[in-house]
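What follows is a pair of complexes built around subunit A, which joins subunit B in one and subunit C in the other.
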Partner chain A sequence: IPRQVSELVQFLLVKDQKKIPIKRADMLKNIIREYRDAYSEIVKRADRTLQEVFGLQLVEIDTKRHIYILINNLPRAEGEYLCRGKEKEKMGLLLVILSFIFMKGNSVKDSALWEFLHLLRVYPGKQHSVFGDVRKLVTEEFVRQKYLETTAIPLTDPPEFKYQWGPRAEKETSKKDVLNFVAKMQGKDPTFWASQYSEAQTN
Partner chain B sequence: ENREAMLNSKSNRLTEALEEANRLFDGVCRAREAALDAQFLVIASNIGKEKANELHSEMSAFDSTAFAEDLLTFMGINRTEVEESDDSEDVPGGFLPSDAWQTMGEEAPKYFRRAPTFHYMMGSFKSEPPVPKQRIERQKKASRGKAERAMPAQLKKMEESHQEATEKEVERILRILQTHFENDPNTPISFFDFVIDPNSFARTVENVFHVSFLTRDGLAKIKLDEDQLPIIEPIKPSEGGEEESRAGARNQVVISLDQKEWK
Partner chain C sequence: TLMAAQMTNAHRRFLQVLMSNGITEGSEARKLHQHCCETDKVYYAHDKLDDFISTINSHLQPLFMQIRKGISEDDGRAHYAVVNLAETEVTKMASDYTEIELELFRKTMDLIILSENGFASSTDILNLADQLKTKKMKKKEAEQVLKVFVEDKWLSEKNGEYTLHTRCIIEMEQYILSNYQDVARKCNICHSLAIQSQVCESCGIGMHLPCVRKYFRGQTEPRCPKCNEFWSCDTP
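For the complex of A and B:
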């Protein structure tokens, strides 16, 4: 069993590279195989290793379909981050989008989102110097990584979509953090936005 | 249709539409009409929800335009310069520097608990077919990209324990030695020529290590030649028995080799 645990840990670390959530079925098929009965024990130990050795945590974001992600357990360190440039810039865009969604009541229409991004010189139809195909980034990549969730608004023609926070966003950040970001950008106190503030407190 | 008109918070059109639908429903006696009515209700409730949403944000006075302006400011926009572009219809003027999003990228990770992406420090291991006296390159980052896509294959490699990897290397070196000897049976190879990798000291040490296995297992022997320099040759299976019984079979040779000498 210890060997399965370390194999699972490596499997999870490599799978996490693209930030696409990991399915339990994949874990069973590739690593656990014949040790199915010990599955929950293996996963528990793998999680403990991830926490104690790497400072990461295995979190289930979909209890019905058993889908997992890895998040960082450690408190955020000050100072420079060692990420490659592109990753950080995408996080920047994502943070802006998540803030917009939250401040607008947790759900926005796609037209509203693009209208907002328009103000930041980001256009769905035009190649962006940093992000390339932005529409693809937002509607496909962020959605697949579970940072954003998109649902069709019924009976709209042409079909319209709404955007909300995805389960990964819920786990990796919080309404409180995002509100603090907005407050910092606008040079105001978070309490300035009363209902968002109280919502962030309870979250 | 008329969606935008209904959304206008100042208008009562949604209420009017609902009231009309109510009236019409009294005259309904066919299933199809009732279905249309149900459809209408769905649309109406969606619109109602949107209107409620608008109310909510207005209460907390979130001005997205101001937010956008503040973001641009943070990203270092220069408002005194005007950007020469063709899409400045309703976009506020100003020159956005090319590292704008990088600036945002420095700020953003502070708000996320994102697991750092995992990469192998040394790149992945790849064994090349042996060619004598030619350096075997260590895999660098370039082919790690390939390894990412062939993920299951990579995992299989990780399963090999250190034990097996060493054995494989030893076998490989034996085969090189034997091949060389087949081609040229009467010339033993200079030990140093055999093990030294001109480009990698670490590799050289590894080669010596693997060769020591061969001698230990009686698959190769090292002798001194006329110039007192060590030479290595493989042992044919028939010789093996003889060697063990000879008293001098257990010679130990200590070779010291440091980086300076290696150069």
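For the complex of A and C:
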């Protein structure tokens, strides 16, 4: 069984490197195979190893379809925010988007989001020197990685979408952190935004 | 100390960054060591990086992983990478590239290892693309794939020629030594795998360029350490 645990740890690390959510079915098929009965024990031990050695945690983000991600357990260091890789710039953009969504009441229409990004000289139609195809980054990559969640707004024609925080964002950061970020950027105290401040306290 | 060293958040943070970097240069690793210890408020001693890494390695061992130090064949500087010891082939790359890209890489690696100087020209590699078993690859596509291999630090490019990146050598040293047993050269000085090397014209032993530089420092008439003939290559 220890071999299964170390293989599962490797498997999860590889999947996580690309921020692909992991399905239980994949874990069973690729690693656990004939040890199905010991599945929960193997997963539990793999999770413990990930926490003890790597500071990562296996978290189920979809309890119905049994989908997991690895989140970073380590306390965030100054200037590190959400990033654990060389993708600092993408994470910077993401943090700005998550802040905007939170400050606007946890849900924004896609038109409002793009209007906001215009202010930062980020345009959906234009190739950005750092981010490349920004529309793809925001509507596909961030959504696939579960940082953002997008839902269609019913009865809209042409169809409009709304954006909210995705489950990975919920787990890897907090409303408190995000509010502190906004406060820092604007040189104000977090309590300046009374309703967001009280919401962040209970998060 | 006799106590088994514990992993702290500083160790975990260091490991996470090393893994996401792919390869980390020595002085960067030392800075990172300091940053992690300060961030997680763990005792820091600037000369204890090796102990710090040993602690992590003792916990990685049951997972068949290791932080390994390798020396760059270009500048002789130390670099660190997290390697998987259980791999029997290029499985680390397997998840990042397609079947046909992996085949191109393996064939490129063949060319590089079998070459005299550890380099394969881009022309030779592009000709390979035409002969792949999986599916033929167009020259333009192969050029793009080579670019990605360089960006991901599996290959490095110099004047239109390609060799294995330090990261690739650190990660695949065991694989290369066992799969290219008869052809892969080991440096006569440091006994590690040598991809780029200078070779003695008389007896055929090879040495890394940085190792040659160190070994022949201050000598006016460099001689081969094995057969004592004059060393025919220009000492770097």
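Keep this in mind: the second predicted complex is superposed on the first by the 193 of 203 C-alpha atoms of A that agree within 3 Å, B and C clash if a C-alpha of one lies under 4 Å from a C-alpha of the other, contacts with A are read in each partner's own complex, and residues count from 1 in each chain.
Definition applied: a residue touches a chain if its C-beta (ideal position, glycine included) is under 8 Å from a C-beta of that chain, and two chains touch if they have at least 3 such contacts.
Here the structure is a predicted model, which is why all the values come from computation and not from measurement.
Engineer: Have a look at where A:A25 lands relative to subunit B and subunit C in the superposition and call it first, second, both or neither.
Structural biologist: neither
Engineer: Output check: A:V14 vs subunit B and subunit C. Expected answer is one of first, second, both, neither. What do you get?
Structural biologist: So A:V14 meets both subunit B and subunit C here.
Engineer: May I ask you to decide whether A:P2 touches subunit B, subunit C, both, or neither, giving the answer as first, second, both or neither?
Structural biologist: Second partner only, subunit C.
Engineer: Could you say whether A:V53 touches subunit B, subunit C, both of them, or neither, answering first, second, both or neither?
Structural biologist: So A:V53 only meets subunit C here.
Engineer: Of the partners subunit B and subunit C, which touch A:A152 in the superposed model: first, second, both, neither?
Structural biologist: Once the two structures are laid over each other on A, A:A152 reaches no partner at all.
Engineer: Which of the two partners, first being subunit B and second being subunit C, lies in contact with A:Q196: first, second, both, or neither?
Structural biologist: The first partner, subunit B, only.
Engineer: Hey, is it subunit B or subunit C that touches more of subunit A?
Structural biologist: Between subunit B and subunit C, the winner on subunit A residue contacts is B.
Engineer: Do subunit B and subunit C land on any of the same subunit A residues, and which?
Structural biologist: The overlap between the subunit B and subunit C interfaces on subunit A comprises residues 10, 13-14, 17, 56, 72-73, 85.
Engineer: Report the residues of subunit A in contact with subunit C in the complex, numbered from low to high.
Structural biologist: By the definition above, subunit A touches subunit C via 2, 6, 9-10, 13-14, 17-18, 49, 52-56, 72-75, 77-78, 84-86.
Engineer: Which bits of subunit A are touching subunit B when the two form their complex?
Structural biologist: Subunit A residues touching subunit B: 7, 10-11, 13-17, 19, 30, 56, 69-73, 76, 81-83, 85, 87-96, 99-100, 103-105, 107, 109, 116, 118-121, 123, 126, 129-131, 153-155, 171-173, 177-178, 180-182, 185-187, 192-196.
Engineer: Once bound in the complex, which stretches of subunit B touch subunit A?
Structural biologist: It is residues 39, 42-43, 46, 50, 53, 56-57, 59-62, 64-72, 74, 87, 91-92, 96, 98, 101-119, 148, 151-152, 154-155, 158-159 of subunit B that touch subunit A.
Engineer: Quick one: which bits of subunit C touch subunit A in the complex? Just the residue numbers, please.
Structural biologist: 7, 9, 12-13, 15-17, 19-21, 35, 39-40, 56, 59-60, 62-65, 84, 86, 95
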